[in-house]
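You will see chain A twice below: alongside chain B first, and alongside chain C after that.
Let's turn to the complex of A and B:
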């Protein structure tokens, strides 16, 4: 009986790849696709236009070749994309800067992906759209430094944002496959722009609703959360009791059962 | 390792080193307290050696961890809802108005040395405690270890499970953060859903309009006084009954209904078990040191207006939350001037029935089988196909409700729509248990068939031989007596026959019972009998 199982084990051992092999493979795969992606996107970049009028026409060009299929040649909208009149530079900067636009596919919600344009190109398109009709502009740097009142920001965040984004900004589900994304790693200016433009299913928080100072406080709060690891240790995705429950069943009980099996094993 | 038989009829004659030690201790104590009976009984108690028999111990040890860490927390926790301005060291909450309960929980987390670790130990241990009880209960169920004479201990054990959930819920509500307040809000909704008296009950419970000012101190009394007292008493009774009834054991050669085979508690097992306590404790502390649990500082103070995405109860309350999430819309209506909230009553009724059925299951099964014998041999789940199938159905039912509590997390993490997740789970709640029932039953019967086959003909060796006539045949390896015992030693029940009673009548009750009995035992595989085994021997 015993010899039987030990030969078995040896056979299994021989047939198995080294445990690190698959991790190495995945790493290589990720690195190579990432590298190729970076190469392709940088070759698409052009030099930043200097003058404002020049950048508006540059922006119009980029728009015509990348966005017009959905938003129309004059940005007045088609069946595939809404009119961009009055959305403002902030909206363009947010949508392109977080990689949502150009939209990759029609799904429940345009998702964040690595941006496909340089900041200069995005600025040009933003200027072009802003030149069509007035709308919220790019936020002033003074609101984005993260030096606001963190405690106040936390309170405002819990009241206005946590129902969709979760108290820790971990994200949450909405109806019909839509969701509020995780806020970790989002740049301060994009946070501000998201609030003033209200992308897709997010409501607009205009300045009477949340003053610029409130917004700066929220940004400071989010920055604090991001810069400071959970005081309690690994945060398990900040998903709350669901991840804690799974953890204790799989790892806690798993470890303990492993020990019980070892204790009750009969010495051979 | 020594394997001693603790037979209730024939005490072992030659005392080993361990039993001499036990004897000496018993003697020492007896001369002073005359409790030798207990010490002897405990010391000579035999413990079986299958890992699944240690799950109860895991629960016991995590309970001890809970008691120790909980006592630490009581030194610093302030169970009042007086409003204060937080002035501790956690910057994102500085100056915020909150209850003293929340402020003191934050102080425990940030300003009291070792406090955060103790909070995390307390909470992780609570999760492990209930998980271990749950698994322990499943072990007892699927092994049929709840049969006579252990029915009462099943009931006590299940009461412990409910008490543990209540302890967990009251504890989760103490820190008075957003999460605990949202949990209490659901309780408030459930209370108010009770027809006619609901609002009164809610006002009574919260001392006025929710959330009120008294709920935290009230829950605190429950959490550290009343519930632990009942829990410890029930636990004592549970362990006492276990010692009196002794453990069940798996069938094997030399194990009968009259003895218990295993290691006597003293000294080997006690050493191992003592070590095991530290292992369980160590695992809990290790997890608590490296993994955050209930980051109350993220949630902020309770305030009825905000709510967080992903608000869930701890896992053991999840099935109740899931039931509320799966209720179809439109079950609330106004009749006779009252609102009837069947969207809340329906899940409460269904779960109430489920819980009652689980508690009284041993009595239901005993009535159906009509079996009044004592059972000390653990049944392998396959040898009680209908019970195993019922268990599988129950587990599926619970699991679907449990999964439903995380429906939003499932939706975001698997890129599904929340509606699709909810509808799928609704369907699974009904179909899942039915499917699980039939699948489990078929699997049991198939395994029994395989056992019978092996008992009669031995294992397939994989070695083919050619007979002189040119015919090929596989050589079967014969079982030894020990192996065979394991496969054939089980009770073969048959459906009850409806027989007229003394007065020549058949009562309706008896008919019902016969129907149930047929359902239970109609599909069955009898163990290989002696005659079959003897005639089978030597054939291959």
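Let's turn to the complex of A and C:
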């Protein structure tokens, strides 16, 4: 500025800032970075796709024709299905995305099957349900990449998840025909959503119990376990004494009996 | 003795020669009126294909040799595989490949030796039956007399029988020498009264409930409806017997709707707004019970399928367990963190004799 002062006084006059300009600039800067930071670090409270009125009404239509029989026209629940107020978009995305909803029949628990709706339709229903009452939203992609601490994830998994889902995530039996499903091949976002929402008889693991980082570590642990073969040889489904015992009783004892018969049989 | 053995072996050898060509007739057994069992003799020899056909004999020989050669090849394969596919530190799948190839090679080598030997014995070795008599176990008269003489001389030269002071004091010393071991065996028993150890855990009044494994305190507001927390006591970290104490003090924290809880009058202040804490140690044989179902309020033990109803103070509804899970009375402190009101009011885990 100073070098041009002799030649262009008029422009210098026009370029002069208001005394409060720098303060305003700093305020705007702080607000925008803080706001962006807040937006980026919000884990699961904001819906990933922007909720538009059009998609909410689209979701309401799908809901009315497919879900309202059990959950009621206003999603407030009936004798056949629970209220969906406050279950959040994460719950809808999990239940419909894994094909558990709509339910094929009333049984001990809703079972996984091919999804009955496209992801756009599921998103629309999720937006509709999320618009009724606040609830857990779709998880942020940064927790789902499987790049967390695998050892920590394994420890947290063994304490909180392994008793039902098996130490290797192979699933296990519960009471009265219910079961904890196998976690192999389950999408990371569905694993996250299940922990946040506690679908069916699974307990809820909210963010104060397992932090989003803990959940990301668990997802990384499960991913590692699927990608790496068991170093101890064939794992026989990781079901422990059930499959291993069956194998050794049938094939191991079968071989022992066969060899015994051969040893004692007379030659021709 | 050596002479004796040699005689027997020659005898057995000649006997073998005569017996293999002997024909025993089967129909000569005579029924004795006393009903005593008569020795039926050895059955007639079966002639094998390899005994009749020299070509089959040759084939069997080649098969046995082939199995032994296969064993050599498998041993070499195991060595080569071990060198070509080494264990790379940090790479678990290299361990798997290395162990598998090594195991396949070694087991093929050993089983081929075994199969070859059995095939050899069954098809090629002489298979007639013959008798071999045992050696007498009684020594000869001279040997026995010599042994007696050794003892007599030993007694005479050492004076063992004559010097009674030495003899008796030696016997006394030998009898007393194991006594220190008896004193040491006593230390294998628990130092303190085991019943007292089983009756008490590290839970106590105002001990905070902490998350396992991060050891962070839990606010009552953190425990949302349907949540399950795995809990350890705050003072556990200071305990010298960390694992023993954790095995007794592990707790499962759950939140139900207060209207779902069936609380008996004497336990009405043991839960905090529907937040309840129960021992995680099964009352059957002590497995960790943590398979909690959110809506049915069932708690399942994975070991023997005992089921507890959390909404009815963890009473047994199925399975071999006989007692409900002990409940930990809880409340909140001034900062809103969950704390224990006291220790469990009864011993945790399986029943034991002195348990009241």
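Assume the second predicted complex is superposed on the first by the 216 of 268 C-alpha atoms of A that agree within 3 Å, B and C clash if a C-alpha of one lies under 4 Å from a C-alpha of the other, contacts with A are read in each partner's own complex, and residues count from 1 in each chain.
Basically, a residue touches a chain if its C-beta (ideal position, glycine included) is under 8 Å from a C-beta of that chain, and two chains touch if they have at least 3 such contacts.
Source: prediction; values computed, not measured.
Aligning the shared chain A places chain B and chain C in steric conflict. In the superposition on chain A, contact is made by A:175 with both chain B and chain C.
Shared-chain residue A:238: touches chain B; no touch with chain C. When both complexes are overlaid on chain A, the residue A:163 reaches chain B and chain C alike.
In the superposition on chain A, contact of A:251 is made with chain B only, not with chain C. Contacts of A:151 after superposition on the shared chain: chain B is touched, whereas chain C is not.
Touch criterion met: A:260 reaches chain B, while chain C stays clear of it. In the superposition on chain A, contact of A:230 is made with both chain B and chain C. Shared-chain residue A:206: touches chain C; no touch with chain B.
Of the candidate stretches 60-68, 114-122, 222-230 or 330-338 in chain C, only 114-122 runs into chain B once the two complexes are overlaid on chain A. Residues 155, 159, 163-164, 172, 174-176, 180, 230-233, 263, 266-267 of chain A contact both chain B in one complex and chain C in the other.
Per the touch definition, chain A reaches chain C in the complex via residues 155-156, 159-160, 163-164, 172, 174-176, 178, 180, 198, 200-206, 208-209, 228-233, 262-263, 266-268.
Of all residues in chain B, only 1, 49-55, 58, 90-96, 109-110, 116, 120, 124, 127-128, 131-132, 135, 178-179, 272, 275-276, 279-280, 283-284, 287, 289-295, 297-300, 303, 305-315, 318, 405-409, 411-412, 415-419 touch chain A in the complex they form. Interface residues of chain C facing chain A in the complex, by the touch rule stated above, are 46, 48-50, 92-93, 95-96, 99-100, 118, 122-123, 211-213, 218-219, 222-230, 254, 288, 290-296, 298, 300, 302, 307, 318. On chain A, the positions that touch chain B within their shared complex are 108, 150-151, 153-155, 158-159, 162-168, 170-177, 179-180, 221, 224-225, 230-236, 238-249, 251-253, 255-257, 259-261, 263-264, 266-267.
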